[in-house]
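The following pair of complexes shares a single chain, subunit A, combined with subunit B in the former and subunit C in the latter.
This part shows the complex of A and B:
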């Protein structure tokens, strides 16, 4: 993706396609609106009514005032439209958040929306335990929509009208085609997610009933925890996150959902259409298992084992669960943030930070470097070592199994290295800022790794009282990491271009 | 004589035509089961690894 020439964009087309995504956001806001109506939460009904009306108005205005691309959409238009959609949707989705009174400022509301859209899971919401069902529905729906992709949602209809729609899809950091047509791919992604939504919600609902929740809360919590786990978001409808349920069963049911959510949609499609062995052979699965085992071993070897961590079950529930949550970039947290900060020690926190940075699969709901890139870079390293050790004339060919055997070439390696380098630079930038604001280095590394990997595990740095600079920096980190940098860079270039042309054309006839 | 090409029957088949052609419910169920099995095997592996490490570190079982 990094090597594609992007060219010049027409501002009208960028706004037009972003308008469609905004319109979809407005339509999806009717779900919390209906939730508020069902549970007679009248203040939230008014908030979501206003939010829906605003989003639909802005979306329609963007569509009516702008024009679609003449001919095929260019790469730059596709990338800029994807990134612009996310920015516009962040401001609009934050509107009912802010009206709810659970946020200290509009910035805090935007922080939580971007955290949800990007499936990160770090939150600034206050008094979460008294949030309404409608607000919780919107929080978890945002993370579910963001996980599949805001643009993917719009593409289910839009793709039929533009032959270049794949560029919008790729702009959202999903460039895996399940099917020849991008419309078919978008529909298949939604069909896979909806099948899991039904099965996963049912499983969580039954687990909720088993642990003694009344039927309606069991259903709502089941739906929300499913959405959170599947989209690797990490939100929960209460401030204690998954610890709230005090149940091994409830925690365990979420494990397959987290892992399935972190799998490439291409892998789901392959398994569902009969190629089940791919789950165990695919380079992303191999990297996922390897990184998870190694980072878990770092953590468990260094962790001070005391309190609830003395037996195998305690270690599994607190440590292994945290590492699965970190590696899948979900962020469901089985340990209280302050307890983690005080008792885990630097080495164990560093192990979990590595898991969050490496992340799970590309074209999934997960974040981080992604398995395909990590696998490609390790294969390239192995190729270089073999070249050094073998005779000069020997031809060393390295293959990566990604649905089929792909011969490693310099273009693939360079593209992977570039994105991983951008992740690392973003991570270091975040750590420098976080430590400069007075936070300890080990905790800063953990929190910024969580933000860069779109994970959501926290050691307590993220809170409503943190400086606004850190809030803005984290919003940017969530965004660039989720979009895998290129779209955001293209959007910045596009906005600068628009600004430049309007400044230079000012006063001309 | 039966026709060689069966037309798609019903709205459900037409809706999914092209994406899930030739994929029955059993195949999808097996695919989902394989994914769940992969997750459970991974969780079991971490449980066993964790148990081994705490035994090696002498943290558990205590009082022996």
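This part shows the complex of A and C:
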């Protein structure tokens, strides 16, 4: 063992940590297992039993075959371990999905799992209206786990030692430290989420009772819609999504949950610890409100001509709601997808696409470019314009308020621009493929913006009958967008490195 | 006039001839709501989910082979729906007749059908959910294998490996 090549030892550490996360996934599957037991949904009980056992088996095998890391993980290992965990968990979490019979293929099941983990919300599930409580519990739990960040929590709770935890944490595209230790930060995020879970579920439960749901369905729907809104996932336990409830009250209760879920956990923590002024001063709050208002104005200026909307209530429930859902990247949809495709018109769809691409806050459950990057780039643009307009000798300093005033420099601007550029390239790649498969350009832009922004609003392109190429492309888009590219690129580089070292070491003593 | 109506019928336009509702599937309503807006339509679909209260009526969602849509009923009429579909049972299948709204003025611009007639076509029935023996064997086998691995790991740790 002492003579093991360095590359192999490092890949061993990556597999070892991914094994612990897989183990955590298996333990999480006991929640739908218990749900099936409670409601006596025996076929799904067996499906989740098999799913739990498979995840535990794979996780334990990874831990047994790999070696614990010696010393602290490198950045590369941390990022690769996070990305690998997500890929392995996708295949395993899809197992009970596939066994349930609600998916046309294993690929479709993987699509829905990755959509859930990444809090996207586009779905290929069939006959959702006859799905079991256990299956719905798993669907919504996946989105809740994925939204909060599952890698570090799994390692914090399960693994005995966790060197280089911040690198794993950052690998999941979260970089906000609320407390000095990453474990403490991960637990603080989960504490915040669990308090919101209790309050939000209670609010949705009461709204459910008010509209006539019996107590048990009211509780289950309340829990699931909370998880969906808070994690900005956009799933619902029925095919009509939020329209199913036909209630202004039910829709309205979900709005503050969506907005809260799309806020940076750092902002929640600041508000919890008494610094409420930060909510109004933070660049991400400013960008959120500005983008929401501007994209809504684009949409509403085009819609009355083509959408046949009725009154201010119609505008609120169908248009404003859609734009809030788009901007928070939630994807709860108050308009039927085919009707939206037919009646909204290109301009309104373009406005909503912009909102989905810009997205909400960094270190939240939301997707998209993120407010901090959008704010940084606009501030940089403003700085350049001022430089051009003022005398050559004038020194132009631009600041961004992100918990403290930060002076813009080239490093900050470049890192923001790089990630936004990668989002845009991914978006255009997706649009080219989607249109090449015969979909209209405006609808393709909307659907791919929804996938790239991890949103979940749909105009009907996403369906079980779509070509497998588009399903695979969308899975990749969900994944790279949620991980903000770097982890996935590192994982690819890492796997190529391991492959290369294996090929070159083949046949050597 | 009759010729004109006949010509329109041949063209496939949904003209409610002599007050007859247009028979349509739900996907068609969702795909082109303006075409059916304000017309009397009928759908053949399964009642699903839950009865939901509303001002002056009750909502029930209906699912056909293509998609689901919300139908608004006078509460007295909604009581005729006995079985609502879900995991455990397939709900009653009805021919639902009513006025379709692409953007309902009474319900916040919702796309809906204000139903005034229900004809039961098929009564709801429990859905069989047989347990697969092969899946039970698979689950048991995987559980055993996981337990062996867990034992192996804990044994290795005890030995300090």
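One rule holds in what follows: the second predicted complex is superposed on the first by the 489 of 509 C-alpha atoms of A that agree within 3 Å, B and C clash if a C-alpha of one lies under 4 Å from a C-alpha of the other, contacts with A are read in each partner's own complex, and residues count from 1 in each chain.
Here is the rule we go by: a contact is a pair of C-beta atoms (placed from the backbone, for glycine too) under 8 Å apart; a residue touches a chain by one contact, two chains touch by 3 or more.
Bear in mind that the values here come from a model prediction, so they are computed numbers and not experimental data.
Answer with clash or fit: subunit B and subunit C placed together on subunit A by superposition.
fit
Look at A:311 in the shared chain and tell me whether it touches subunit B only, subunit C only, both, or neither; answer first, second, both or neither.
Both partners, subunit B and subunit C.
Touching A:188 in the superposition: subunit B (first), subunit C (second), both, neither?
In the superposed model, A:188 contacts subunit B only, not subunit C.
Scan A:320 for contacts with subunit B and subunit C and give back first, second, both or neither.
After superposing on A, A:320 lies in contact with subunit B but is clear of subunit C.
Just to be sure I read the superposition right, which of the two partners does A:247 touch: subunit B = first, subunit C = second, or both, or neither?
second
Have a look at where A:391 lands relative to subunit B and subunit C in the superposition and call it first, second, both or neither.
In the superposition, A:391 contacts neither subunit B nor subunit C.
So, A:279: does it touch subunit B (first), subunit C (second), both, or neither?
After superposition on chain A, A:279 lies in contact with subunit B alone.
Of subunit B and subunit C, which one touches more of subunit A's residues?
C
Given the touch rule stated above, what does A:438 touch, subunit B (first), subunit C (second), both, or neither?
neither
Nearest approach of subunit B to subunit C by C-alpha atoms in the superposition, in Å, rounded to an integer.
Distance of closest C-alpha approach: 12 Å.
Please identify the positions on subunit A that touch both subunit B and subunit C, taking each partner from its own complex.
Overlap of subunit B and subunit C footprints on subunit A: residues 310-311, 315-316.
State the interface residues of subunit A toward subunit C in the complex, per the touch definition above.
Result: residues 41-43, 46-47, 49-50, 53-54, 56-57, 60-61, 63-64, 99, 129-133, 210-214, 217, 238-240, 243-248, 307-311, 313-318, 335-339, 342-343 of subunit A touch subunit C.
With touch defined as at the start, can you tell me which subunit A residues reach subunit B in the complex?
So the residues of subunit A in touch with subunit B come to 179, 184, 187-188, 191, 195-196, 199, 252, 255-256, 259-260, 263, 268, 271-274, 276, 279-280, 285, 289, 292-293, 296-297, 300-301, 305, 310-312, 315-316, 319-320, 323-324.
Given the complex with subunit A, which residues does subunit C contribute to the contact?
27, 30-34, 37, 48-54, 58-59, 61, 63, 67-70, 72, 85-87, 90, 102-105, 107-112, 127, 129-132, 135-136, 138-139, 142-143, 145-146, 149-150, 152-153, 156
Which residues of subunit B touch subunit A in the complex?
Checking each residue of subunit B against subunit A gives 16, 18-20, 23, 27-28, 30-32, 34-36, 38-40, 42-43, 45-47, 49-51, 53-54, 57, 59-60, 62.
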